[in-house]
Structures are given as structure tokens and as C-alpha cells.
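Worksheet: the structure to be examined is printed underneath.
Labels for the chains are A, B, C and D, by order of writing; each one numbers its residues from 1.
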Amino acid sequence: MSVIAPKFRLGYLIKGITDNIFWIIVLVTLMGIPAIQIVLIYIDFPVIDGEIWNPFRVLDAMTHPERALPLVKNFMQTDLFKIIAFPGFGFAALIAAAVIFVERKMLAKLQLRVGPFYCGKVEGILQLMADGLKLISKEIIIPAKADKPLFWVSPVLFAATAGAFVALIPVAPGWVVADIDLGLLAVFAVIGFFPIITIVSAWSANSKFPFIGGIRALYQMVSFEIPLILSLLGIVMLTGSLNLVEIVESQVNFPWIIFMPVGAIVFFICILAELERIPFDLPEAESEIVAGWLTEFSGMMYGLVQLGSYLKLYAFAALFVVLFLGGWNGPVIVPPFPAEIVTDGITVMPDALTVEIVGLPLFTHEMINGTIWFILKTVGVIFFILLPRGVFPRVRIDLLLKIGWYKLIVLAFVNIFIALALVYGGIIGPGGIL
Amino acid sequence: MSSADSTEIVKTDDSSLAPDLDKSLSDSISKKFSNIEIAYVKPDRIRVNVKKEEIIAVATFIRDELNFDHAESVSGVDYPKDKQIEVVYHLGSYTDTSLAKKILALATRTPREDNPRPGNDSTKLPSLRDVFPSVSFHERECFEMLGVYFDGHPDNRRLLLPEDWADIPPLRKDFAIKGR
Amino acid sequence: MSDQTYPKGQEALPGLQLEKVDDRIMTLNVGPQHPGSGHMRIILKVDGDYIVHCDPDPGYVHRGEEKMAEYRNYITNIPHLERPVIHDSCNILYPYCLGVEELLGIEVSERAKYLRVIAAELNRCVYTEYWLGIYGIFLGHSTMFMWPVGDRELLIDLLDKMTGARVTHAYFVPGGVRNDVPANFEDVCLRQVNYFEKRLKEYADVFYDNPILISRTKDTGVLSREDAIKLGTTGSVLRASGVDFDIRKKEPYDVYEELDFQTNVLKEGDSYARSKIPWLDMLESCRIIRDALQKMPKSGSVRVKLKPKPKGGDTEVYRRVESGRGALAMHIVSDGNSQPYRIKINVPSFRNLIAMPHLLTGEKLGNLPPVYWSLNYWPVEADR
Amino acid sequence: MGTASGIIKALNSGVKHIATKRFTFRYPEQKLKFVGDGYQYDPDAGVGIAGYKGRHILFHDKCTGCNLCSIACEDIAEAIAMPKVQEQWKHNKKAIMPQIDYGKCVFCGLCVDACPFYALYMTNDYELSSFTKEGLIYTPAQLQVKPKVDQDVEIQIDEKGANHG
């Protein structure tokens, strides 16, 4: 037998597993339970609905699921849940994964082919998981002369910054991770990180093609941030607020895109440039500079950058929705829940097992409505972000900069003048007619 | 590149696509240069054999007076029996529509050595690069494939073969393929 | 670069390098393993984003076809002479067959001539579709890769029915073609070519009329008419520079005289014009195929029976045809044996290669893919 | 605005093609149909009969062991060898028949053109992969077998576009 594959026997495997389980049980009982006891002495038990949630109460809730409802509801209001699951990372990553799938299938349809097909039986729905597994299992190769700490940290930073961007997006009324008064400024600040991370990773790779790609990314992002910021000034003038939640609430009657189509177009083009998507994917132009600043990344480092860039895509699309399309506002789809569900509860399986769950709806109907509208609008915007990939070639760097500096900035100023006219004409804005 | 006045000359004395255009072309060459040989005149194909000392003058005459403005190919042929290597320039014309069908093969010969040292032996020819810029890469190829050094060519480097090629030039007849 | 010394008193600060003229220049090896190079290397020297020096380095797929041809007789040369450009294999065999027929003094039957023209035009489209696909992906237009490669299948299917192989057909032989077409080939061919033409016209919206593509390729890599003639370029490169030269018109071989088509000439000489000419040529090819199908004799022999090892006279021939990339010529020297004494394959890619340093020097690095691939360059063919 | 209308036209074309039928077909499940039973040659007329150039088929009752196919191949791919077979044929005294190495064969079909006895044809079978190089060498006995082909997909063209039906 070859050396690479050592002798394998099923008995050894089972023995190893049972051994491990035994030792885990021993260690948990000997060390874990005393540790929990000690911790319980020092911490205060949470008080929810006037009830102290001591360990016995928790054990009680485990046997009667309906009694755990207040705990779940309470947990959903914590920052941890918001960051990890709903308006934060988990939600965004789910949408990003869906975007990757939709992008592949849509592009394939446009190009008269099939796209992912075999993985996951149904239209290749598990292809992304397979790709992720492949990326995880790949070896990470670092160039010999790279600046190793910077090289390691830059993909992580990229994904983290994209995550920070996601945290600023309000999804539904009250559902936002970081509700900052200067939310829009925070968005600009987070966007400003991306070129720095790009150039850091490009520089630390110590290779020619990443370097050229990094410089291109720097040019592109810096020159497109100015029209991006300018195109949003109009909205700030009309709403008089930098808070994203307030901006959404100001669009109850009409979205701002009605008054500022110019700003919306400028902002959309800037989104494409900031996301390095075709036709502005110069930093990754494969026929010129291999893969641009991503050339030297391999394995999960590349995967992290891809994750970050799709999170970024979601965040920008969501920002477009929040600023121009009225965020979660929209006609009611889910009607308000009947009062008896909230007060009396629902009976699950009346004959076999009677469990009455009082106050079952975990989310209010406003929140569900808002989320549905938000997702619908975001998907629409993402579709238009994805579509150019099928029909446009790549632009050249000088044309790109010319678009950024000569055309978009001028259009952004036109947009500002429109906003000023609306404000000083007394039509909308603080104290306006509408 | 042919000058404008020479275009007119040829266009006036050739009523376009005359059957004896080939003949008149070869006549004008042999009239101008005494010791060159018109190998054959077939329909649309003329072959002129010249000495290697004269080739630049003949080529310049062909370009300027007969209006052949580019070289299509440079093919070298090895003749070990004659101890010579022949280099054939196939000249064509884009600007003169009456010459569009014609190919003028300008052939010259250079001595061949049995133990070639490309670039350092007597297998040399004057380069036609200054007359027809289009022969630049073809002459490079001819140099590496047959070992004909082109004097006056600024870039006599390898083109297709590997940089560490140490055998004799492969298109010579004494370079045998294994097993054949 | 690191071992360069700086003038006294101007030592670089730690972490900074003084900018010197030499330090501005960076050498980039584009290829042979680069998504935008093909099977060749282009040694570029770039100053910032500008190319200051370009040195094409072909030869990575050199197979010595010319040497091999000297050891094989006129028939057995056929399968391997089409190897340099398998997507255009009928057209690269065309001058060979014409030349050998001239050497042997054979006259080909009328139906075989039409079949040859149809096969050659189908093959030109197959090649150009492949080329166009790579041009699209070079410009980051993935749809323009998938569509041509998919639509190419229509013609490959036809050639498959006609010749029995998808790419390396070995269909032309001195004396005609190998076999007649199957029974209802005319109808199938007409239907698929018509649909193919319809598809070709759909490329205009997403590619040729696309304002982003036009802004990208317009006025890049301009080859003037004089330079195009002087450098001896051919095919689409020449015709995009305003020179009306097509061998099919100027030196008609087989039945091209009797067919109704026109030559496409554009004056601009930039990458856009160079990339548009092959597309227009494909539309023209569809016309030629339809016309040839109509005018083709409905029956007749297609192949002149030759001896297994025919012998040529003691002479030389130089025949050229218009291939998918330009004039493709063969110079066959015969010494009276059954094997050619020397075959020079004068390929258009090699002739157009000389324009590459001329065009790329002074361009931006971002213009490398459109300029490079608009030369209609096929590295394997150039290396032979 | 030429630019804007061009961009809108391109986007429109893209959206339009999302609804078009796909052109690809699933290869291992579906296979493209070819004309006839493979490339054949009529030595009397001196003309081939159109067909796909796939694996060869050898008719033992016609092969005379004349070596012509092997000679035709020796300048091309050197794929044909002539081993002895354990068969008794009146017309094949030497009892040798072609054995083809598909690791070398280029499927040009010139061996079929060389055969004057209608003994060697080609078939539609092109799936010849093998785990070993020896597996690619087809003996006369293997060449005798008529391949089972299951090819039924054809290009179909209708109003909505072409597809493999």
C-alpha cells in the first residue's frame, strides 16, 4: 500500500469516535458543570415580563416550548441576533448566496445555455456549496516575497468591511443593526475603506499584476466616490437628515427617484464602478491583468473576498432601495394579525397534543410587510446590477475616469440643483407643500 | 511604398489585365538589368533569378517602377547538390489593381556550407528589409530555419525555434527527422 | 532594478524609491500562460499604463509542419497540413490542393468545385465565430463568447454531415473532395445557414452597436492605409484599412467568379473596423453559400481518381486563397518525386504578426486585448 | 442620444434572450445524430460516401490482408499494425488483419480510401476512452463488432430559436 493512504480499519475509527465522546462527557461533567455553577453565582438572571429566568425556568421552557416564547422574543431584540441573523450578516449572506445562484442561471439563460445543473438535483442549487467546499479544501499559497501579515489580513478586512456596510442598512421598521444618526456619513466612511484594503492587498502581494490591478482599483474607487457622494446630497437636502431610517420614513408617500432620476442614474453607475462589476471590472480584467488584485489569492482567501464582494453588492443594492426606492414602504401585503392570535394563541394539533401558544407571531405584520417589500425592491435592483454583465464589454481605464470626472460629477451637480430648486421652491423638503 | 508618379507610369503603359502584361513586366526587368535570368513567365506568375549582389537594386526597381509594393513571403529552399541555398521573395501589389493577380518571385542564391554556423559563415544575403518592410519576420524565420544570415537586418534573432536550439538549421536537407 | 545606484546625496529614503527613467519601465510577460495571450508570449515594456515596447515571441506551438511535409507524399500530407488551424482546416488545404492540381495537371469537376466553395465558406464562418468568441471574452463580454461558440455548432453540424468530422475534416484532396454530400443536405444547409444569418444579425445589438464597445475600440490601434500596404498585412486587417483586396475577387479560384458577393472594406483601420470586417464577411459567406447551393450542379462526380502516390513535375507553384484570416498561400517546390521538395506555408497570421509591435507601441495596456485579437491572429497557425 | 439608445437596445436584447430556448444539450444523456452509418468508400467509383468518421469496422470475410491500409497510414499516424489472426480465410492466406491504435489514429479516413475490397469502413462510434493505453488498441476481433450507437438528437429550428430536440 502506498504511504499516502495509511492503513484504515473501521474498528479503529469507531473506537476513536467513542473514545472522544467518552472523554468529552467526562471533561464536561468534571469541569463544565462546576464552571456553570460558579458563573451562576455571580451573574444576574434576566428578567423578562416580570419573571426571573433562572436555570429552572429555562429547563421548564425546554419541556414546554410555548413558555420559551418570551425568551425567544427577547433574544430577537438583542444586538447579537441582529448582527448575526436577521438584518445583519445571516440575512445578507443568504441574499448574497441567492444572488450568486441567480446570477449564474440568469447569465446562462441569456447566453442560451444551462448553467449549473447537476449539483443538488434541482437546477444545480447546491453548486455554490460545492464551490465553497472546494475553496475551503484548497491550499492557501502565499507568494514568497509577500508581506505576509498584510496579505493575510486583507481578505478578512475586506469581508469585515463589507459586513460593517451591511450593518448600516435598515431592512424593516426598527430592524437595523446600527441605527446611527449620521448613518449616511457612516456609509461613506465604510465605502472609503475599500480602496485602502484593495491597495494594501495589492501591495502586499508583491507581484506585478496585482499591483496594476490595485492601482486601477484605487483610481476607479476614488474617482467614483465623489459622484457617489454628490449624488446623494440631494436626498440629504430634501430630507434634512443623514439618518437612513429617517430617510426611509420620509418616503412614505413617494420614493425620491420620482424627483431625482438623475441622481439615481448617477448613483447606479457609481454602484457598478464601486462593485467592480462589468462594464467597470477593470481591476479584475482577466484578459489584461490576469485577475487584477485577486491574482495571488488562493483557496478560502479568494472565497472571503468573493463573499465580501457579494455582501457589498447586496449592501449597495439595499442602499439604493433605502435612498431612492422608499425602503420598506409599500402597500400592505400581509394583513394585520387577528387579535385573538396574539391574545389567545394558536392551538397546535387540537386532538393529539394541546399546546396553546400565546402571542405566537414573532414579528409584527409591519415588519413582515416591510421585509417583503424591501427584498422585492432589492432583488429588482440586483437584477439590474447583474444584467450588464451579459450585454456589455469592459470599458478602458481612461474612458472610465473620463466618465467619472467629466460626466457623472456634472450630472451629480445637476441633481443637486434640482434638489435645491425643489427645496427653495417650497415644493418638498422641510416645511414644503408635499 | 511606391510613389504616386510611378503608379501612373504603370497604369498608362498597361491597359489593364492585358494578356501580355506578364511579358511586358519581365521585359522591363530584363531591359534594365543585363545579367539576370527570367526563369519562367507563367500566367500571373513571373520568376526572376538574380545574383545576390544585385538583389537590392532589382528589388528597388521592382518596387519603384513596377509597382510591386509588398513581399508576401520569403521561402528558403535548400539545394545540397548545388551547394547553394535559394531564397525566394514572393512580391505582390495592393495599390495597382492590374497587378493584383500577379506574383513576382524574386529568387537569389547564396553559398551553403556543410557545417553551418549561422551568422558566422558565408551563408549571407543582403536584407531586403529596407525595401520591403514586410519581410522583417519572414527573414528572421529564414535565418533560423535555414541559417541564412541577412546583412542589414537589425533583428536577426530566433523566432519560432526554442532559444536553446543547438542543432543545425532544421529546414536544411541534411537535418533528418528521426526514423525517416 | 534593485542593484541600481542612485546619485550621491540622492539616496532613497527608507521605503521610497527615487523615480528614475529606468525605474518607470516595467517588463510584463503577457503569456504564454495568460488569459489574454493565446499560445504566444508578448514581451511588453510598460511605462505606467502605456506600452513603450512590444516584442511578440511566437513559437510555443511550432510543430515543423514544413519539415514534416517534405517526408510525406502528396496524399498523406493532407491530414497533417490542416493541423495548424483546425478551425479553418478546409481553407488551409485549399491552396495545397490547388497547387498540387496545378503540378499534376488535373481538372476538377464542376460539382466538386462548388462543394469546395461551400465547405470553405462554412469553415470560414466556423473559424470566425471562434475568433469572435475569443474577441468577446477578451473584452470581458461573456455573452459574446457563448453566442458565437453556440451558433458555431450549427455550421459544425453541417460540416459534420458533409465531411464526417467536426473540425479536422481532411475533406479536400487534390482532384476534388473526398465524398459527396448526403441526400437532403441542401435543405438542411439552407435552413441552418438562414438561421445562422439571423443570429449573426442579433450580434449587432449587444456587440457591434454597443456604445461601450465602440468607445472602447474606436480609434485604438489605428493602422493607416500606407502602413497596411507597406507591412504586407492581409485579410481583414488590410481591408479594414481601406485596401480593397480579396483573393476571392482579385484572383478567383474554383467557382468564385460565378458567385455573387462583395468585398467588405472599411476605411478607419482601427480595432473596431478590424473586428467588424470578419462579421460582415460572415454575412457575405451566408450569401455565397446560398448562391452556391442554388448554382451547384445537382449531380456529377466529385473526385478525380489519382494514383496512390502521384508525382509532380520538376517545377514550383505558388497558389493562394482567401482564408478566414486573409490570403493563405502555399509555395510548393517539386523535384519530380512523389514527395514535395519543399512546402512553404505562407500563413496570414504570420504576415499580420508584423503589425503587432507597430500597433501596440504607444497604446495603453488596456488596449492590448482588442488590438491584439483584432489582428485576426491565430498563434498556432503562425507557428505552423 | 446615440449612447443611451444603444445601451437600452443592448439591455433590451439581453432581456429578450433570457426567454429564448437554450441551445445546448446534455451530452452524456443525449447524443447528436449523424448521417448514415459512418464514412464509407466505394473503390469502383473512387468516391467516399458521407458519414461520420468514428471508430472503424472491419469485415473479416472481405479483408485480404493486403497491407494497403497500413501503408496508407504509415505516413500519417502509424496507427495500423497487421498482426496475425487465428482465422482461416481462403482469400487471406497470410491471415493478417489491421489492428488500430486509437491513441494514434487521427480519424482522417484515408485508410478507408485505400481499401479496395470494401473491408474497412468507419462507424458513428466515437466514445473510445480507456483507462490504459493498451485499451485503446483495437484488435481485429474488436474491430469486427458493430457498435451500438444511441444517437437521436438533432438541431431543430423554429420561431423561438434553435435547439437540440
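Rule of thumb we're sticking to: a residue touches a chain if its C-beta (ideal position, glycine included) is under 8 Å from a C-beta of that chain, and two chains touch if they have at least 3 such contacts.
Please read these numbers as outputs of a predicted model, since none were measured by experiment.
By the document's definition of touch, common neighbours of chain C and chain D comprise A.
Relative to chain C, the most remote chain by averaged C-alpha coordinates is A.
Set side by side, B-C and A-D show the greater C-beta contact count at B-C.
Here C is the chain whose Cα centre lies closest to the centre of all protein Cα atoms. Between the Cα centres of chain B and chain D there is a gap of 44 Å.
With centres defined as mean CA coordinates, chain C is found 24 Å away from chain B. Centre-to-centre, using mean CA coordinates, chain A is 52 Å away from chain D.
Per-chain Cα centroids separate chain A from chain B by 68 Å.
Shown for chain C are the residues in touch with two or more other chains, namely 71, 143, 150, 206, 210, 212. The set of chain B residues touching two or more other chains is empty. Chain D has residues 10, 13-14, 23-24 in contact with two or more other chains. Interface note: chains touch in the pairs A-C, A-D, B-C, C-D. Chain D meets chain C in the complex at residues 2-3, 6-7, 9-10, 12-14, 23-24, 32, 34-36, 38-39, 41, 45-53, 72, 75-77, 106-110, 113-114, 122, 155, 157, 162.
Put simply, chain A touches chain D in their complex at residues 106, 108-114, 117, 387-388, 390-392. Chain C makes touch with chain B in their complex at residues 58-59, 62, 64, 66-68, 71, 226, 229-234, 238, 243, 245, 250-251, 316-318, 320, 327, 329, 331, 333, 341-342, 344, 346, 350-351, 353-354, 383-384.
On chain B, the positions that touch chain C within their shared complex are 1, 44-45, 47, 69-73, 75, 77-78, 88, 90, 92, 94-95, 97, 100-101, 103, 105, 132-138, 141, 145, 158-162, 170-171, 175, 177, 180. Interface residues of chain A, counted against chain C in their complex, comprise 107, 110-113, 208, 212, 278-279, 281-282, 285-290, 389-399.
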